[in-house]
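What follows are several structures.
In the two complexes that follow, chain A is the common piece, with chain B as its partner first and chain C second.
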Partner chain A sequence: MSTTLLTGSEAAAYGAKLARIEVLAYYPITPAFPAMERVSKFIDDGELNTRFVRVESDHSALAAALGASLAGSRTFTVTNSQGLLYMTEVVYHTAGLRQPVVMAVANRALSAPHSRFPEQGDAISQGASGWIQLFCENNQEVLDNMLQAFKIAETVRLPVMVNYEGYIQSHTLEEVGIPNQETIDQFLPLNRVRTLDVENPQAVNTVASPEFYMDYKFHQNEAMEQALTVINDVAAEYGKEFGRDWSGLIDTYQMEDAEHAFVAMGSMVSDARIVVDELRKQGQKVGLVKVRAWRPFPAEALREALKNVQLITVCDKNIVFGLGGALGTELKSALYGQDCRVNSYILGLGGRDVTTEEIKKVLELSEKTEKQATASEWFGL
Partner chain B sequence: MAQSIADLSKEDLFGQGNAGCGGCGAAIAGRQAMKALGSRTIITIPASCMATMGGSNLKTTWQIPFYHTLFEIAPAVSSGIRAALEAQGIEDVNVVSWAGDAGTADIGFQALTGAAERNEHMLHVCYDNEMYMNTGGQTGSQTPMYAITSNMAKGKQVKKKNMLAIMEAHGVDYVASASIAYPLDLIEKFRKAAAKPGFSYIHLLSPCHRGWQIPPEKTIEYARLAVESGLFELYEVDEGVRTRNLEPTFIPVEDYLSSQGRFKNLTPEAIQGIQAGVNKHYGRGE
Partner chain C sequence: MVKNLPVVPTAKAGSLVETPTGITWRIQYPVILETCNMCLDCTLFCPDGALVQQEGKIVLKVSLCKGCGICANECKENAIEMIPEYSGVKGVFR
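This part shows the complex of A and B:
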């Protein structure tokens, strides 16, 4: 293990390198491109034996990654925002074909209006796509989640997105520990599954009649449910091996006697840890629940973690129009029947800053709100 | 080059019990092409009749790995397959994307031009039936001028886009036109394309009796008339060297056009215009 300063983009690139990806395909987009360039440089410098498919679009990037995966190679791509939306058709298709492609997503707001800045709306737009989605709170977790993503993907045969926010994470230097290649090779051995193989010809994605289609989808969802266990197992194994346990589907902080819980995912989580420490010093019984895996949605784990809490404040850097924040909405659904008040807030859209001060203000506002609102409230307009 | 049909392999890697219409030009083309490509071939086929014909539920007519792709991604998917084979040290496998005129020239063009520009080690085949037959026969860029389709009852008012010229302009290893009426020439072209280290493109004029409104047993005959009239030139551009593979007999274009239901609105002036175009192309006097 060596420790160095890395941006989130570089951490994702190091993750791909340690995973010894065989095929890389991407189309440049801001702010994801430094991750792409870093992996390309590993290849050019001879540090990584990977074939790079220099496609002409984001749509073709995932298509090429999918083709490589079908032919049995460990495959990686990177994108965000418009690129992710453009490849959406292939996103769903890849999950349906059960291919373990890993995609890093440097989360960025969606047009219109045009924005280059961080937000989680791009990942949220793919919530029904059948991809496992992990969110990272810091750059160390970006690297660690990349490696866990390949392990999870290849175990349950589903693709995985590793989400980190544009600029806040993608362009910010943090201390990151880099595991030894030999130990990673043991944690993540190359195990090729060739779906397209001249030695064993198969027809892939033939037309499915109503007698078949629904059963395929049932099995696909079963794999998602299997991931609920596998994500925890892989996190535990990684923690044991490398000394960093990210705690599986969710993580809890200061929740033992908490009366008020803050729930979020992504970069807000690391800020919220600081806020919780400060408020605890003032005697407030505040705790934190981090959603690390948004897909599959960890409903049971959240019910358990929040069973003794009266007040829950959940924050979303996304908006599902006409409904509210995605995490808030889904959390309320998961906690149905549990005796608690859930206040859901939308903040930080399109790069509007969310500092520890904002998180403190949201928690205060939530304390003062006597009745749970049906919809999500907007904070910081 | 095989001298006669008798020289060809008896093995059929495509075509036994496919779901195509009787007399489907694309199915005939698939059967012929596989005589050259052989069993160490991976084929990707985007949304099209050919993809649907290839398999449904637990059945397939393909004896090689066959992947029914999304509409616009076959050349990109094939690029990824090639990259994976290279990464794994597998060198003796042909990678082919096989698309209709929509999956090649229209919705599929972006991925195609990308793969061609990268000179990917693969072959892209366009089986061109000159309209969107898998959705019932609508007009596309490969529909010829004047042809009546299900969404243009008065016939198309603009010219067909020349895909062979566009692909030639990419400077790829090999570009060729081919016809199921000349199977030995077609098979030889697939053999040449498969032997190239980079990108090859083969454009097949593939009559569809439903869309063209011709009798199903005349598929091959119309494919031949298109060539003999000079309307569909058989040629190849091999490493930049252009060769015409067959000198047409120059039967009047009217003999090819006027009996097709899709051209029933053709005026004598329009036919004259088409004939003049052929004459000019081949440098023949009026």
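This part shows the complex of A and C:
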């Protein structure tokens, strides 16, 4: 293994290279662009034997990736925000057709008003689409999750999004360990399934009458439930092989005797680790629960991790209008009947900075709040 | 009981031809008149492949026709007439 300085985008590109992707279909968008730029350089330098399909829109990018995947190739694409919304129709197609496409998403706020800054609203908008969604806390996890994503996808036959925040992760250099190609080849053998086969022609995505549609959806959801186990297994196998165990669906930090838990996903998690360390030094029993897999939603794992905690502070870099923060809302639903107070906060929308100071203030505010609010509170206005 | 289905929603190639859907609800169908000059435009415009050339004539594959009338609309010679499937106040099938 070698260690080098990489941005989140480059980490995603190295992940794609180590996975030996066969097709890259891409349409340019900021801040996802550098990932594709790096992959196309690998191709140009002859380091990667990949067909790069240049298309006229994000919708076509995923459509091309879907077609390539149906033909049996290991396929990758990158996008964010408006691009993800534009390809939404095919996002659902890819999941319904059970294709193991992996997509890196450099999370960016959604228009209107126009914004190029980080936020998780784009990924959240696809929460019902049937894609597995992993969130990364740092650039090392971007690379490691990319490799695990292909393994998970090809095991349960579902597509996977690898989410990292625009700029905060996509454009920031961090030290990243790159595993050897040989060991990755052993960890990630290509599990090829061809649907488009000239020897055995089939009609793909034909009309499913009411007699069949619901059964197809049942099987699709069953695969999502299967992923709850597979994500844990793959993380454990990866951890054993490469020494970095990201702990499956969720990760816990200082939770053994914690009375107050901070729950979040994405880049906030790495900041929260520092805050937890500081508060622990002051004698406060604070812990951290990181949601690594948002889809499938790890309800059971969260109930178990938070069963002895009285106060939970959950933060969302997204807003589901008229409802609240996505993670906060779903966490409350998962913890129904458990004896605890959940304070849900919305912060950091459209690139508003969330540093260790903000996280400390949120935790203080949550401690002082005596009654649990039904909705999510806005922090940092 | 949940049905056992293929992982990828697929069907046998040609299954849409074997189990046509239009025939149960079509309200009109095309009739090719003698003024047809065999330009074959209708065979290209038909979205369901219901019009084909056979032995020097345009022939309608009735089971595939949904009665949309695109062929009649596109015919430059006005050589296609759409005829109702039902006639009379009681809606008697022709």
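To be clear about the criterion, the second predicted complex is superposed on the first by the 381 of 381 C-alpha atoms of A that agree within 3 Å, B and C clash if a C-alpha of one lies under 4 Å from a C-alpha of the other, contacts with A are read in each partner's own complex, and residues count from 1 in each chain.
Everything that follows uses one rule, which is that contacts are C-beta pairs under 8 Å (C-beta built on N, C-alpha and C of every residue); 3 or more make two chains touch, one makes a residue touch a chain.
Nothing here was measured: the structure is a model prediction, and the numbers come from that model.
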**OP:** Once the two structures are overlaid on chain A, check if chain B and chain C clash or fit side by side.
**Re:** clash
Original post:
What's your read, chain B or chain C touching more residues of chain A?
Top reply: B
Original post:
For A:96, is the partner it touches chain B (first), chain C (second), both, or none of the two (neither)?
Top reply: second
Original post:
Which partner does A:22 reach: the first (chain B), the second (chain C), both, or neither?
Top reply: first
Original post:
Does the superposition put A:75 against chain B (first), chain C (second), both, or neither?
Top reply: first
Original post:
Which holds for A:365: it touches chain B only (first), chain C only (second), both, or neither?
Top reply: neither
Original post:
For A:212, is the partner it touches chain B (first), chain C (second), both, or none of the two (neither)?
Top reply: both
**OP:** Mind working out whether A:340 is in touch with chain B, chain C, both or neither, as first, second, both or neither?
**Re:** neither
Original post:
For A:201, is the partner it touches chain B (first), chain C (second), both, or none of the two (neither)?
Top reply: both
**OP:** Classify the contacts of A:190 with the two partner chains as first (chain B alone), second (chain C alone), both, or neither.
**Re:** neither
Original post:
Which of the two partners, first being chain B and second being chain C, lies in contact with A:53: first, second, both, or neither?
Top reply: first
Subject >> Region of chain B that runs into chain C when the structures are aligned on their shared chain, from 6-14, 24-32 or 114-122 >> reply: 24-32
Subject >> chain B and chain C footprints on chain A, overlapping residues >> reply: 70, 201-208, 212
Subject >> Interface residues, chain A side, partner chain B - complex >> reply: 22-23, 25, 49-57, 59-61, 63-73, 75, 89-90, 93, 192, 196-198, 201-209, 211-212
Original post:
Residues of chain B touching chain A in their complex?
Top reply: 39-42, 44, 52, 54-60, 62-70, 72-73, 76-81, 83-88, 93, 110-111, 113-114, 117-118
Subject >> Residue numbers on chain A that touch chain C, as the complex places them >> reply: 70, 96-99, 157, 195, 201-208, 212, 215-216, 218-219
**OP:** In the complex, go through chain C and note every residue touching chain A.
**Re:** 2-3, 5, 7-16
